[in-house]
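Same chain, two partners: subunit A is paired with subunit B first, then with subunit C.
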Partner chain A sequence: MADKPIQGEKKVFMTGNEVVAWAALAAGAEIMYGYPITPQNEIMHYWTRLAPKYGRKFLQTEDEISAGFTTVGGVLAGRKAFTATAGPGNTLMQEAMSMAEMMRIPTVLVVTQRGGPSTATVIYSQQEVTMTCYGGNGEGLRIVYSTASHQELFDYTIKAFNTAWKYRFPTFILGDGYQSKMRESLTIYDPEAKGIELIPAEAYVGKSGIPGIDRDPAHLRNTYNLEDELYEVVKGHVAAYQRVAPEIVEYKEYDTDDAEIIVVAHGVVSRAAQGAIKVLRQEGIKAGHFRPVTLRPFPVEQLRKKADKVQKLLIVESAEGQLKRLVTDALYGITTPIETLLKPGEGVTVEEIVEKVRKLD
Partner chain B sequence: MGAGINPQMPRSWRTDTKPHKFCPGCGHGLVLKALGQAIDELDIQGKVVFGCDIGCSLLAWDFFNVDTVQTHHGRTTPVLVGIKRANPELIGIAYMGDGGGYAIGSQHLVNAAARNDKVTVILVNNTNYGMTGGQMAPTTLPGQKTETTPYGRDVEEAGYPTKGPEMVAAIAHEGAYVARGSIANLRQLKKFIKRALENQIAGNGFSFVEALSACPTNWRTNAAETWAFVEDQMGKYFPIGEFKVPGEKKEG
Partner chain C sequence: MAKGSKIAIAGEGGQGVQSVAMIISEAAYEEGKEALYIPNFGVEQRGGVSVAYVQISDEPIGSPKFKTGDIVVALSDRAVKRTQKYVGPQTLFVYDADIEGIEEDLPKNARKILAIPAIEVAKNELHPRVFNVIIMGAVIGATGVVSVEKAKEALEKKLGYKFEQDPKLRELNHKALERGIQLVQELL
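Here is the complex of A and B:
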């Protein structure tokens, strides 16, 4: 049995789902609990082929509710456990993620967005933004990374395990069907060889010693009898989340310094936005692009700073305003006009964004 | 162990959370006593992870001096399956009511049994949803009055009570242990629970014990009527005994 799934660095040409499986291996994930749903299936297919070679485990559960809760169980037992899903499966998993949010359980969930609502398409969308950021009966105390390339799928899947175990909030990789299925070149690597320290897992239950004799028992609950009791717990979680949010927030900017119009987009749509900026700049239009990498916590201050200075914002997404809601919430009080290019369930091309901006100008 | 003035509590009980929070006359205290004694006798306090559901069973979240996790309605089985799969050294006990096991969580119960997951499920059957106000449960008896069957359970409308151990025994595999006990025979119930735990410790397979129990609050019965309901009416519909024992040779 080989020690490390990846030695050093390796240039590869893979589908996104394969990338996630390799990244989870490299991150030291010990067990995957999963339930099939398109377009994330090949994450499980690759994991089940690779994992036994490296002493890792897998369980195919009876549904996504079970996959979510068995993942919670695996984490409670002190293992780096993860799962993956999409669409209606994401809906079902929100129940377990709500428990993870309440009990500060570092679950890792890879979401490969498909169309919605309901069964919709199995292909692509960005319509799971609201659910992934705010799904479940809670306050949305989660960490959500929206990836734009296969390299990022690899980098952020590794990072997700570290973020989850460092901050103890449920952590999501928000990919999509295009990233799942298309092939792209990237460099995979052993994170430790690159100086990335892997944060160790720790058991919540089943530590050594007899409870009540050698140590206190772990009595974990998500039920509270009194309103005041719950208020204290949630306020504590919110305060912890707000404290760490500045360390977690990530965003990227392209040509925003002198920009008069800023295109806001996330995930693969960001790639179309980057392409559009190049074309528009050649035409003499001062366009820039702002991309939130973390949708939760959202880069509120960073976007506000930019939005205050430009003449117009254009929000582009493959959904009917889910990113827009995050943006308008972040920009409350700022009077810069906001335009939109909203395409639920459809991809966005460079040409479409260029055309839209030309009309605005 | 000499008989003291105070009733003997199992060693694995957490004394500073006693008296417990269940209603007076509730069967949970008795089932948890049988479980506590079984944990003591098997000397597994340091290895047990106890999971409880939503509903009355959640009141057991700090009941034992064992690691405990309280989860959602019907989800105790997958949480414990997740724990056990991640760390097979632990002894996983999923504790739930008839709603958690036979209604909202039936999918998980069925599939954990079919997979022969090496966990022990203890299901308390009190024929109604106690904590949430006494509505019909999958186990409510024909003719039994509840908040959602105010004229009595009509099987034409609401179907028949779930016979859990019979169902689990039918789908379970070699190595599984399945039994139904009752708080009316605590010594036998403890024996069944102990065997269910021993079965998990031996690594044989899935273990399931249903415990017939009382809900005098929602049954609106006095002490005598409560016991008559548990022993006579429930006992008639839900036969007591072992339904599947590993290694047992059956004829025919």
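Here is the complex of A and C:
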């Protein structure tokens, strides 16, 4: 077996796509199934360049439907498999992700959001929030991490494999085109050297022993004949999801303690929000920032506590209200006024948020 | 030098603006600064307007996009039009002197506007292929955002394999870099 891809830790300056490939290697991913789409392409390119050096594998499929299902298949066979896609590719992969949701298959999917709908732009947006959180025919029993920096892209890609395998729900890293293509510095590391235990993969099919005698049979179904049968299964999954959600939920707060206005933003837009809070505080405006790191499950209780105490909420996103829907759903019944700065498909700058908050104040 | 520099370079796909941005940001990173480079382009590989955003700072960098640049460089007529919105009262706007018919489109609110003869110098004095390195020199000359030494090291890292095959290329690139710095400094 080849040496570990990363020894100890190392400071690097690279693109987000490169970061994901290194993180997947470090997390012990054994195979990537993929189909090219911008801005995700280089995840595949870097992976195909790096993987053979460390005994890992790659399969390019004929499309994203196939990439999604081969990932599911790889996981069933006990491989730490993952895939990555964007935009229309994410749309096609929802079919396989619904299956993963139904069969509790720990798939890992990295989404690098581009503009939408359809082909739209190849660059950037935050317009894949709804699809990633709730895509497919089902209840959206997934885990979605929205990353804001290259460091987080690395940290959460590693974490996603553990989360997926621990809880057995499809797990997503929701990045974006900016993160894919931009270069910035970060520290990459060997997770085990940092004390992060990597949860091993386990095969769903082809296990040793005789089913029903030596072990429980693998009862893998995504088809049900009767509505009451399905009801019971889905209810079971929902209950399991709700049970583990509090352990999974992550969020970050910036200057929210005495805040009168809270800016809610996720992913890369959170960086502009953080910058804006600094400027606004210098002007004496009591603004704070709440950032959901997990969009699914959403930090409902944590945001409710804050929202109840402030005078106003401002939702900022590079989409036309996709984050807003998650927020209003979470805050149902709370009467704090909600304002928005919605820029579908366009980046958000510090200056724009500052200007908007000044007007609200 | 300013605490932070926000740089936007725009040109036609194939003019090499993305390479320039990448080399400058690499050089800044190697110099121990925080750097963030993000390319922005259309669906087409070549032929569209391509914009590169670079931010260099002593502190961690926030949002990848910014509203107005400290320096905005436009290398084609379409790029001049496209980059107007990144110009503010603090912006140094640099465009190539060979671009025709853009007098009306030049930003009205820039701190300073410079027309540099980069295309001409590349064509008549050096070599068309080092046009983008002249631009790189102009950006460095105008901002002082990285040292000439680090810029040369970053060039070496990016193009070293070509320099090995033909050492004259190294010389040509270094000359282009220095010429770019000179072009902009003469006008500042």
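Everything that follows uses one rule, which is that the second predicted complex is superposed on the first by the 349 of 361 C-alpha atoms of A that agree within 3 Å, B and C clash if a C-alpha of one lies under 4 Å from a C-alpha of the other, contacts with A are read in each partner's own complex, and residues count from 1 in each chain.
Note that in this section a residue touches a chain if its C-beta (ideal position, glycine included) is under 8 Å from a C-beta of that chain, and two chains touch if they have at least 3 such contacts.
Note that the structure is predicted; figures quoted are calculated from it, not measured.
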For this session: Return first, second, both or neither, reflecting whether A:Lys57 touches subunit B, subunit C, both chains, or no partner chain.
Result: first
Exercise. Which touches a greater number of subunit A residues, subunit B or subunit C?
Worked result: B
Exercise. Who does A:Ala77 touch here: subunit B (first), subunit C (second), both, or neither?
Worked result: first
Exercise. Is A:Tyr33 contacted by the first partner subunit B, the second partner subunit C, both or neither?
Worked result: first
Exercise. First (subunit B), second (subunit C), both or neither: which does A:Ala86 touch?
Worked result: neither
For this session: Check whether A:Phe13 is in contact with subunit B, with subunit C, with both or with neither, and answer first, second, both or neither.
Result: second
Exercise. Does the superposition put A:Leu303 against subunit B (first), subunit C (second), both, or neither?
Worked result: neither
Exercise. Hey, what residues of subunit A end up touching subunit B and subunit C alike?
Worked result: none
Seminar exercise, completed: Interface with subunit B, subunit A side, in the complex: residues 30-31, 33, 57, 59, 61-63, 65-66, 69-79, 81, 95-96, 99, 203-214, 217-223
Exercise. Which of the residues in subunit A end up touching subunit C in this complex?
Worked result: 13, 119, 121-123, 178, 181-185, 268-269, 271-272, 274-275, 347-352
Exercise. Of all residues in subunit C, which touch subunit A in the complex?
Worked result: 22, 25-26, 29, 34-43, 61-68
Problem set entry | Partner subunit A, residues of subunit B touching it in the complex | 12, 14, 45-47, 49, 54, 58, 61-62, 64-72, 75, 78-87, 89-90, 107-108, 110-111
